[in-house]
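Each structure below is given as structure tokens.
After this come two complexes, each holding subunit A, first together with subunit B and then together with subunit C.
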Partner chain A sequence: MEGVAQAVARRQEFGEKVRRIVGREITFDGEGFFWDPHQWDEEVAESLAEEAGLKELSETHWRILRFLREYYLQNGRSPLNRQIKEGTGISLMQMETLFPGGIKYGARRLAGLPNPRTCS
Partner chain B sequence: MVVFTKTIYLDNAATTFPKPREVLEEMIGAYSSLGVSPGRGSYDLSMKAEERVMGVRRQICQFFGGSDPERVIFSYNATDALNTLIQGLIEPGCRVVSSRLEHNSVLRPLHHFSEQGIIRLDLIPFGSEGFVDPMAVAEAINPDTSFVILTHASNVLGTVQPVDQVGAICREQGVPLVLDVTQTAGLLPIRMDEWGVSAVAFTGHKSLLGPTGIGGLVLSPTLDVRTTRFGGTGRDSLSLVHTQTYPHRLESGTINIAGIFGLSAGLHYISSRRMDKIYSKELDLAKRLRDGLDSIKGVRVYSTNRHDPWVPIILCNVDGMDPEDASNILDGDFGIAARAGLHCAPLVHEDLGTSPKGGIRFSLGPFNTDEDIDKVLEAMNTISRSK
Partner chain C sequence: MKKVSLNVNGVRRQFIVQPDYVLLDLLRKDLCLTGTKQSCDRKGQCGACTVIVNGKAVRSCLTKVADLDGAEVISIEGLGKPQNPHPIQEAFVLAGAVQCGFCTPGMIMAAKALLDENENPTADDIKKALRRNLCRCTGYKKIIEAIQLAGRFLRGELTPNQVRPDPNQGLIGVSHPRPSAMIKACGVAEFTADVRVPGATELAVVHSPYAHALVKSIDTSEAQKMPGVIGVMTAKDVKGTNRLKYIVSDRPILCDTKVRFIGDPVAAVLAETREQAVAAAEAVKVEYELLPVMMTPEEALAEGAPQIHPDRPNLCYSQPQVRGDAEAALAQSAAVVESDFSTQTNHQAALEPEACVAYLEQENGDLPTLVVIGRSINIHYHMSMLQDAVGYENMRYEEAYSGGQFGIKIDITSEGLAAAAALHFQRPIRYIPSLKESMWLTSKRHAFDMKVRLGADAQGKLMAYAIDFTVNNGAYHSNGNVIVNRAIQMLSGSYYIPTIKAMSRLVYTNTTWGAAARGAGPPQVTYALESAVDMLAEKMGIDALEFRLMNLLKPGQPRSTGRVVEQWPLPELIEAIRPHYDRARNDAAEFNRKDGVRKRGVGLGIGSFGIGGPGDTATVAVELDPDGGLTVFAAAADPGEGNDSMLTQIAAHLMDLPMEKIRLVTRDTERTTATGPAAGSRITYMVGRAMVDAIDKLKAAMVEGNAASHEQLRAIGRPIRYIGTKKNEDAGPLDPQTGQGPSFESQVHAVQLAEVEVNTANGEVRVNKMTTAVDAGRVINPKNLEGQLEGGMDMGVGFALREKYVEGQTKDWVSFKFPTIGHSFEMETIIRETPRIKGPLGATGVGEMTMVPTAPAVMNAIANACGARVRHLPATPDKVLAALAEVSPLGIPGGIISNGVKG
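What follows is the complex of A and B.
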């Protein structure tokens, strides 16, 4: 688990923005990713999806979001690319088109996962 | 959908993979028989290990066109080597000339000392095709310039810099030239003495085909580098002053001999397969890939079509798609490992207009094939049509 000092340093580096969504205060990083995945719930996801231009989340959207979340909460990390494909039965290319913002800024963000920050 | 059974690896500019079998076998074999502290004791095994390490120093010195094997310094990688060099060369108030093409291994140490007000940093821009103009280096050098430090080839664009011309300028002006040969070592001949280069910094785990964790410096006899890390060297143990003779002046603690054995085997592999043939094969594939990507509607290629001199690196983007998403699709749907992002060279991406998300980098290695290129082009075609 991340220590307090490390968490503070990360938040200073990557920004922190508190927003009120469906009556709850939620902390996001500078790119709009959740700092704490536990602040997520389906109502919040629906509201964020609408903001992103998705009026309704279909069963396919939910299958992806639930898989991403369940995997993250069980394993402490996001699933690998091939695991996403196997776990959802949906290609990453399809996923890219399903979510405004694509895989990272669309699906992963709506699923409430922390920013992956690879090589950025 | 393309069915894949193995990963097509195209991140060789980060680390070549896989390694030649000979490298792995040599590491296990040599480490099994000589895996002791080299030169730290008078017993035969230690002496033999030291002799073997000295042999690798000679091999490296010759490979880079240096003149003194004792001035071959081992480090963990190029970043470590560059830190040793930069920190050992700077003086308060000095100026350093470098370029906006550099990797963070050069930029970050220089920026650190510049921010502290210890040095003045002059960063030369690169032209539209990714080359530094030698005349711009000449103009940037002034009486306070302590050294010039340049990458031999951009790790983002693959463009090979005119270092022989820069070397001539530096020699004429009496300013040491330090070359970061991370992307060229093992692909292109490097002639440090002939080009007027005072130091090269290299890593073993890229085109030299060695393992991670080994790299180094080769210094010319005219360049002295201060010790900035201190410790045991197996010599002069009575003195609390760190050994000042090379290579131990810049090496403290036990060196990575498994890495050194692997690096040596990588050099032998390159020599036996002929470096020009390895380069030529990789370049042919890279040209095909570059030109193929350039012909796909919706794919923007940033790498120059000036193919010579060039190392096999191609940067591109799919219109309207985050490069990281494109890379994840390539990996998850097509089994292609390519590197998205800024490639630790933020100023290059800033100048290309690809910052902050960067681009998708394909970098080839000795084990890539024509079939790999076909599959990448097919995948990129499919991805670009999906948008």
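What follows is the complex of A and C.
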């Protein structure tokens, strides 16, 4: 049976993490989503993309990331996949393969969108 | 079959019915009169289905239509419409007696039957007439007041317009009726089971009868052949992760290899009717291999205990808290009390069952949208959970009107089953589980076991607090770590305690799973702390009120998390309660001089409840409409608290608009911002403040552009839509070793005074009165605030004295011991308004805090009455008698106390 010390050590998976990226401290939630979408910029996105195995973000990547951000900032929520498709003209299949982790856990994280939760 | 003729709401009609067909079904199914509600599995326990037959209030779930030939039936729809309401409906709305609104139609019909016979009923008359009608929101006080107000309307002493607040009276601090109140009072607000879906099929679920077992096989062959059956769904038919992941991915929609508590869902049957689905579900044969059952954390933590989840130890979370050297401080304290306390697993007891509707909406050749309608209080997050669990992205969640919440909808249940079934069967689905099933499916309040030590110096100043607590998490995690953290973050309650030593453990067991329940962690630990405070005060011979007053936290001092507070307006509340405390003590002493068996006592409890947790964020959009009105977009659920009032009144005030010009869009993922759960009393503070931010931006744009209207903004190329946010910038986790770190941004405070009467012969306890002094910042709507306080105290007394969820035994409202109007008691509220620095117009939240200090106040009052210190909730008569026996070695009931002095 695991002891209290191990449980305490493991507990960090539940909380936010502050990481230093391109010289700035950025807060992520337990699933790696931005806590504050305004901490995002293109330089940070490039750094996170490299971490995720994308050496370079192509114009197609950027078209999707910019759409995600604009939609979020206008609507206060993330778009559904079909809305991304309508907004970018890129097929879902292509989008899923463009980002490691797909749209929800890849593109949305790179675009600096938060998880849709805020739980006190 | 039998043919009967009925007059329903003034229209005579003929029906041919089976002998056992009940009036509830006739009204809801045949006549679509869904204002008549169903909660208690047709046992006549809740009164939500009350209608009037031949002038008498009847429970339509027990009334056979075959016996009603020639009868005159009036349902809520026959009483009045929102445009032309009946005076009783007006009275309920104006008195603030409508919160979630699920019980309201039944209450109003019972009230009508009473008022038809007696236009001037006393409170006792009302309690007798409504003894079979349950309400979880109001504590019944405003319902009694509403019926007496209706009597005045009917007697012609007053008119509704004389009571209705004048629009010119202002918008803040005025009890304008809730925007949703009248449609609830008229029975036309649609709750999930009221939503009509053409061609909908009905789902029934097979639940595990075992607490821990491997699923060896599922034989659906018999069920598949039964009448009306469309199909049977098992875990392999769920195309996504089949896990409803709130924080940890551990809870299956349908169990695949293993069941972990009694009630775990194993298979689902779809049929043309609910009766057919339920019958077929009973024919599904599941072969189980039984595993060792661990019902308590002690069993689950025992050496060699098997893991309930393969990838996670049974001890699934732990958070210490250390501040200074508490052991040394305890050793140096002049007085120390040490005790253990426990709280029970409890049901939140929202009246509405866990209903859900799901269907596929086809749009012009695109992938269909899976629409889920349910009771979520966090529609965006829950939709995201569902998308992963059922493997389908194109989804919309719509929140129906919701029959109570109290934390139970922090996580979702029936939605997973209905959504998966809609996709698997490609049919519209209604899943309306029974109350018994709803109790199986849903989360509960966690049981806490706590060992505490509290020490003070010779002057009575608190020196140290040590607590070791273990939380029974049940079979699934849900938000268990959040509950533990909340308990840790509010551990020192209202006090300055210089040294702290705490350890917490969250443990998986084979019991019903825990999650949020009103207060969510603080009610449990506050019960222990506030009991210990009373015990220490008594040990030191210091008055309980003075002891609290001298130990209150002051601005500039830290809480147990180390975070220093800016505001702490509690001394004023203690002073406000003081005259009531003195009066109550004199009354009790006077009574106790006269009665040897019944003893009265007075107890205090204090709550300081954090709102706007670390990193909490809210987002709201507003749009200036072409007609000059304002539309507010935010997924701010309102399962009864009055969030619609709060948003409407603040927006109307800031925009200088009448309330009718404020439009709320809050229930639909496609149109709202994702703004977090309606939980933790955060909606007013967080979402209200985000809305203020959005309105400020709109108004700034109008000023900058010299634009006074929608058209003028458009003409100068400015947006008409603005996004506002509110964040607690203090973000990040607590330190894993010390529990020091970010905390809540705002606090609501209350002091509660309980006056109880203990029958020392049989252990029964009656609460005679609860008085609460509260400071929730600037008050937006006084009646809504009072309604939260009254409902919270009623719930707190239920938690203290009777309610308990017992695995396998609690199956309905009677076995749960739901507080009735007969248990209701006198309540008085004292409101102070210290504007909160960062709150919207100075306001903060209140709903959850209202029961935090109640249980300890009641327990302290019992101890004050007869010396019996009940340390394990609920304080049922057997526990009171046992506690009495501890202080009465001779075991003579009532023989240990004489005029408040131990004999």
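FYI, the second predicted complex is superposed on the first by the 101 of 120 C-alpha atoms of A that agree within 3 Å, B and C clash if a C-alpha of one lies under 4 Å from a C-alpha of the other, contacts with A are read in each partner's own complex, and residues count from 1 in each chain.
Just so it is clear, a residue touches a chain if its C-beta (ideal position, glycine included) is under 8 Å from a C-beta of that chain, and two chains touch if they have at least 3 such contacts.
Quick caveat, the model's predicted, so the values are computed rather than measured.
When the shared chain is aligned, subunit B comes close enough to touch A:S91, but subunit C does not. In the superposition on chain A, A:Q74 makes contact with subunit C only, while subunit B stays out of contact range.
Contacts of A:R82 after superposition: both subunit B and subunit C are touched.
Applying the stated touch rule to the two superposed structures, the overlap between the subunit B and subunit C interfaces on subunit A comprises residues 80-82, 104, 116, 118-120. Remark: subunit B residues 1, 321-322, 324-325, 328-329, 331-333, 339-344, 356-358, 382-383, 386-387 touch subunit A in the complex. Interface residues of subunit A facing subunit C in the complex, by the touch rule stated above, are 1-4, 6-9, 11-12, 14-18, 27, 29-30, 35-36, 73-78, 80-82, 104, 114-120.
Across the complex, subunit A is touched by residues 247, 301-305, 313-320, 366-367, 378, 380-381, 383-384, 387-388, 393-395, 410, 479, 481-482, 486, 503, 505, 611-621, 633-634, 669, 672-677, 679-680, 682, 686, 721, 723, 727, 731-734, 736-737, 744 of subunit C.
Every residue of subunit A that touches subunit B in the complex is listed here, in rising order: 80-82, 84-85, 91-93, 96-97, 101-105, 116, 118-120.
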